[in-house]
Amino acid sequence: MATFKAGLVGVTGYAGMELARLLAGHEQIELVRATSRSDAGKTLCELYPSLTGTCLSELVITQPDPDDLAQACDIVFMAVPHGTAMDMAAKLLSRNVRVVDLSADFRLRDADIYAQWYGLEHREPQLIEDAVFGLPELYADKIKDAKLIANPGCYPTSAILGLYPALKAGIVETDGIVIDSKSGTTGAGRGANVGSLFCEVSDSFRAYNLGKHRHTPEIEQELSAISGEDLKISFNTHLLPINRGILSTSYTRLKKNLQLEDIFGLYSEVYSTAPWVRVLKRGTLPETRWVRGTMYCDIGLVVDPRTNRLIVVSAIDNLCRGASGQALANANLMLGLELSTGLNLAPLVP
Amino acid sequence: MATFKAGLVGVTGYAGMELARLLAGHEQIELVRATSRSDAGKTLCELYPSLTGTCLSELVITQPDPDDLAQACDIVFMAVPHGTAMDMAAKLLSRNVRVVDLSADFRLRDADIYAQWYGLEHREPQLIEDAVFGLPELYADKIKDAKLIANPGCYPTSAILGLYPALKAGIVETDGIVIDSKSGTTGAGRGANVGSLFCEVSDSFRAYNLGKHRHTPEIEQELSAISGEDLKISFNTHLLPINRGILSTSYTRLKKNLQLEDIFGLYSEVYSTAPWVRVLKRGTLPETRWVRGTMYCDIGLVVDPRTNRLIVVSAIDNLCRGASGQALANANLMLGLELSTGLNLAPLVP
Amino acid sequence: MATFKAGLVGVTGYAGMELARLLAGHEQIELVRATSRSDAGKTLCELYPSLTGTCLSELVITQPDPDDLAQACDIVFMAVPHGTAMDMAAKLLSRNVRVVDLSADFRLRDADIYAQWYGLEHREPQLIEDAVFGLPELYADKIKDAKLIANPGCYPTSAILGLYPALKAGIVETDGIVIDSKSGTTGAGRGANVGSLFCEVSDSFRAYNLGKHRHTPEIEQELSAISGEDLKISFNTHLLPINRGILSTSYTRLKKNLQLEDIFGLYSEVYSTAPWVRVLKRGTLPETRWVRGTMYCDIGLVVDPRTNRLIVVSAIDNLCRGASGQALANANLMLGLELSTGLNLAPLVP
Amino acid sequence: MATFKAGLVGVTGYAGMELARLLAGHEQIELVRATSRSDAGKTLCELYPSLTGTCLSELVITQPDPDDLAQACDIVFMAVPHGTAMDMAAKLLSRNVRVVDLSADFRLRDADIYAQWYGLEHREPQLIEDAVFGLPELYADKIKDAKLIANPGCYPTSAILGLYPALKAGIVETDGIVIDSKSGTTGAGRGANVGSLFCEVSDSFRAYNLGKHRHTPEIEQELSAISGEDLKISFNTHLLPINRGILSTSYTRLKKNLQLEDIFGLYSEVYSTAPWVRVLKRGTLPETRWVRGTMYCDIGLVVDPRTNRLIVVSAIDNLCRGASGQALANANLMLGLELSTGLNLAPLVP
């Protein structure tokens, strides 16, 4: 029944691992290439024993080769660091292969802002214009026609989905927004760094990159587009001793007094056709475990009358919704499949 | 497409929660009743917000009522404590409803041994004979014809699958076997006990019930049946600060010198048609995360020539394979479905 | 060498457990009474095997009895819930025993605000005026002369110490402050609640009590006193899957452009004589593990020029600095001992 | 009051970190040198912010230099990997500096066995005879006179203390002993390896090195010396998702029927003068948290009459008792100080 063939460049990181997990259960996209510079030659089950016995078990990892990928694949997922994705993406696009880029290389519409935040010049700026920001709730129609998807960052996915209805409806002030985000440790990647060791993370909690996380311009770009104003946000990140999950607490000021019920109604309306955004009932706040392993974005709403603030709590699985699952959803749309093909997953709780 | 209707007695525990997760993704068995004495009246998504938006979201929890269950259901899963399951099971069976009992009430063939280890007299001993021990790798044929399944305990599932090929082939001594098992904390249940609090379990490890765990006679019963000898084992349990997973390290003595390759071949042969038992390659030992959320039982084999021992390491997800997933596999067989319907799950790693 | 005798009312919670740990190593205060309604009759080492072999090992837990406590003790620590502490405190004070109350009963200067946030009338309002808020960095002189200490809440300790220098110096706006706090699970207490079970907390993260946590008025009271203005803050709490630790991220707006170095100098100056407040060097942000088991409050400072915000990150051990250790520091001062007696602890990392 | 000066070679690993923590609170041994090839030039508080404000905060890390160490130090702790410790130890001893070697280089009396298990020839075999195995409960007298201490391994410390009374009294068979050990992840070291990342260890459990862990000959050497017989044990290790702690479950067969009370009496008698070995009361089994951060070795005893086994559970903190704390205890004895100087620590629970 598989009708499309996919490649995965960069299988050794957590995004690659997650994409392999999801593709092992996808009946219409077959993973035919998985590449890695360091692990080429191994089978997937040697790299990830968890995949033993699945349909991907014996797939042999190869060196990344654009010609080979172009010949073998209808679509290629790029799960490599920013800066290295853009070159391969350009090569694949020139060979008429669809690309879903999980790195940051094509997310920012302005190459100068990219250069400023990522510290390197963009080498394929002409591709930026064609790239579609792959957030299905906002851009499904464009995604269907895209050849190149800039898959959103994990933090931006949680923040944008959380603030979208409020900013679109114009019920909150656009200045002074604070987003306090907390991410599980898969967000730090699978590189062998002392700071990511179990004994450096476990039973602890820390802030990092306050005021200067690279996802800031991505969030500002999208929230500005939504609100029609040039927004500046205070975006700040923390590291959680959990594997998966991002929870963002966003602080806004209401323009006028609104009841929680009204805002709940607004959010429910905006997301009425979005299969994965769950606006939780009054009094229920998200927990990262409730979205574990899935595409859900859970949203909790609080109105604080003492300070006249709307506080929005949004939670996603940073690996699935915030990276590989969203990439697969984009691929589904690009390939003419149902958005949720292979992605109707029940959260693993506990 | 759903062709069978199921009930779940005892939805508030972890086994009930897991069964709900699995049934939310099962296309041929529909959950039509979920009961709980304490939470009747709530919808499932109020009890478990993780199920919001799934097909089970709005199912209203009811009080357990055998007449109602019998009328509404083709099959009922009993996820209540031992001692309370047997009465309801009898009532349901008398109304011609198939029953999968996740408690220990029908696992032991000998009611006296049940009384001795569980501290209460069996009230439905006449049903014991008809009950089938629901371990598909050993008893698939009987399961297909059963009306009452005694769903195996979590520890026994890991221990029996780990030792089955060696004992069946007679390559190890039957006396002196030591099974050192470690379980995740879902195994302690969802009751509100101080000993199960996060701060009593986290960042710690302990042994419990050494030499007297109630799963001991269940393991001995099955291993004795396999080996044809009356076995006594030393079975000992520990509590892990993880959510899911059991890893059992079983120590046996080889009757004669055997190479690891031979034993690997034996195990692979025995489990060649078992979709979920993965005999890991030489040098690879199981990790509980590799089976997380799935039906897999991963087996690692070590021959220690210094002590002439065969050490078998077997890992399962105690909630899925060790309880609710196995219950669902048994239901599949009883209902004439494919064994693995709704259970082809890729492990959630990390 | 022990010269003072202490009682502990409520030994079974985490604050009681922590106080026992600290008193086991305190050479000038001897714990002579530990009370518990539920565990009276046991020795301390039966309740807490970790204390086996310490000087407190064989202390027999008693029922709480004000006459007995008054006769035996120079000072009594109240580690019982709010609402129940005030009565016992009054009885002990009338018997001329010094009291350190770890509950919230005497923290708020205004009995009406107490009634409003805690939902019950204060039964000993005449004692409120004499109670001293036991934060040594702010009130050491008053603490020395106090008979009744209102030991600060855990969250307020982190928030107040983090914002004190900035508000005192008037460099930040007093409106619009957001405090986003995250606490370890000991903060939820040692009660047997499903929501605090290992498998409900582990590998997850959640917000709770947004905009309505009871520590809000306590923080506002103290920050208002510091700044000389009637402050309203947005105070919001989250639950971390760690045992100990609070990290508060406080968002303020600078009144004028200030360099980080200037603010660092201000904070260092203000805390130059405070042995436990560590203003971390530029670029270093606190981690809860760095203060684990100690009295330290680590402060990290960030100036975000894009949004003209001063972000203050403050971390404490919620059990030691945020409760029992601070209670002991207050007792030291009340009894004429050195502030840090028995409290010169090196953080347990990892 | 500090009367002795100490050096620490290898401060960047977890053993070095722990030794720094302990020396920060030791009043008679002053750390005057801390060396590291990779971090020389930093202060200790830059490497470990947790030490900020302690007496060690501003100590500048140096390159390891035997001449400098010999000139500055009365005693040197070697916290470097096996194979590299022996050379430096020899140089320091030749300069009349006492050495406590935390590596395995001098633990095995037989250089051939060292070569066989560690895969390299011993380069200082003449020093082996003078080295004393630094387990105070067994060898306190020799330690007092030693110039070179072979600090025991973490696993051996737990296993030997657990089995010592039983083997010394001859109540258990010397063949067929199985030791199933579980260690926290600090035991894997502070090296940047993918396998030690938070997301590879957290919420999981695995076995490793079954039958071939390098601590095997060390345990066999000591247990053989105790029992007077040439023992072979089956020693097997597992990795726990906790920071600190080892729990060893040792399976032995009783030579004759003995009551638990008798064995409890034997153990209590043997350890009656050992300040840190706690033989727990009947029915109480060790938990690693009860010894966290301390020198305690907790022992739980179980007699299983069904299999006639004595099961011994022993728990230590692998970093403190199993490495750095034990090293410091040895240093205390070598320097003529009280054994427990600086080591009377109450466990950090939770």
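In order of appearance the chains are A, B, C and D, and numbering begins at 1 in each one.
The definition used in the following text is that a contact is a pair of C-beta atoms (placed from the backbone, for glycine too) under 8 Å apart; a residue touches a chain by one contact, two chains touch by 3 or more.
All values reported here derive from a predicted model rather than from experimental measurement.
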Q. Quick one: which chain's Cα centre is the longest way from chain B's?
A. C
Q | A-B compared against A-D, more contacting pairs | A | A-B
Q: Please compute the C-alpha centroid of chain A, do the same for chain B, then give the distance between them in whole Å.
A: 36
Q) What is the distance in Å between the mean C-alpha positions of chain B and chain D? A) 39
Q: Could you put a whole-Å number on the gap between the CA centroids of chain A and chain D?
A: 45
(Q) Quick check on chain B: which residues sit in contact with 2+ other chains? (A) 14, 186, 199-200, 202-203, 241-244, 287, 289, 292, 350
Q) Can you name the residues of chain A that touch chain B in the complex? A) 14, 17, 21-22, 24-25, 48-54, 186, 202-203, 243-244, 275-276, 278, 280, 284, 287, 289-293, 296, 298, 344-350
Q: Flag every residue of chain B that touches chain C in the complex, lowest number first.
A: 14, 184-186, 190, 192-194, 196-203, 241-243
Q.
For the complex, give me every residue of chain D touching chain B.
A. 176, 178, 180, 182, 184, 199-200, 202-208, 210-212, 232-234, 236, 238, 240-245, 247, 249, 251, 253, 285-289, 292, 300, 302-304, 306-307, 309, 311, 313, 350
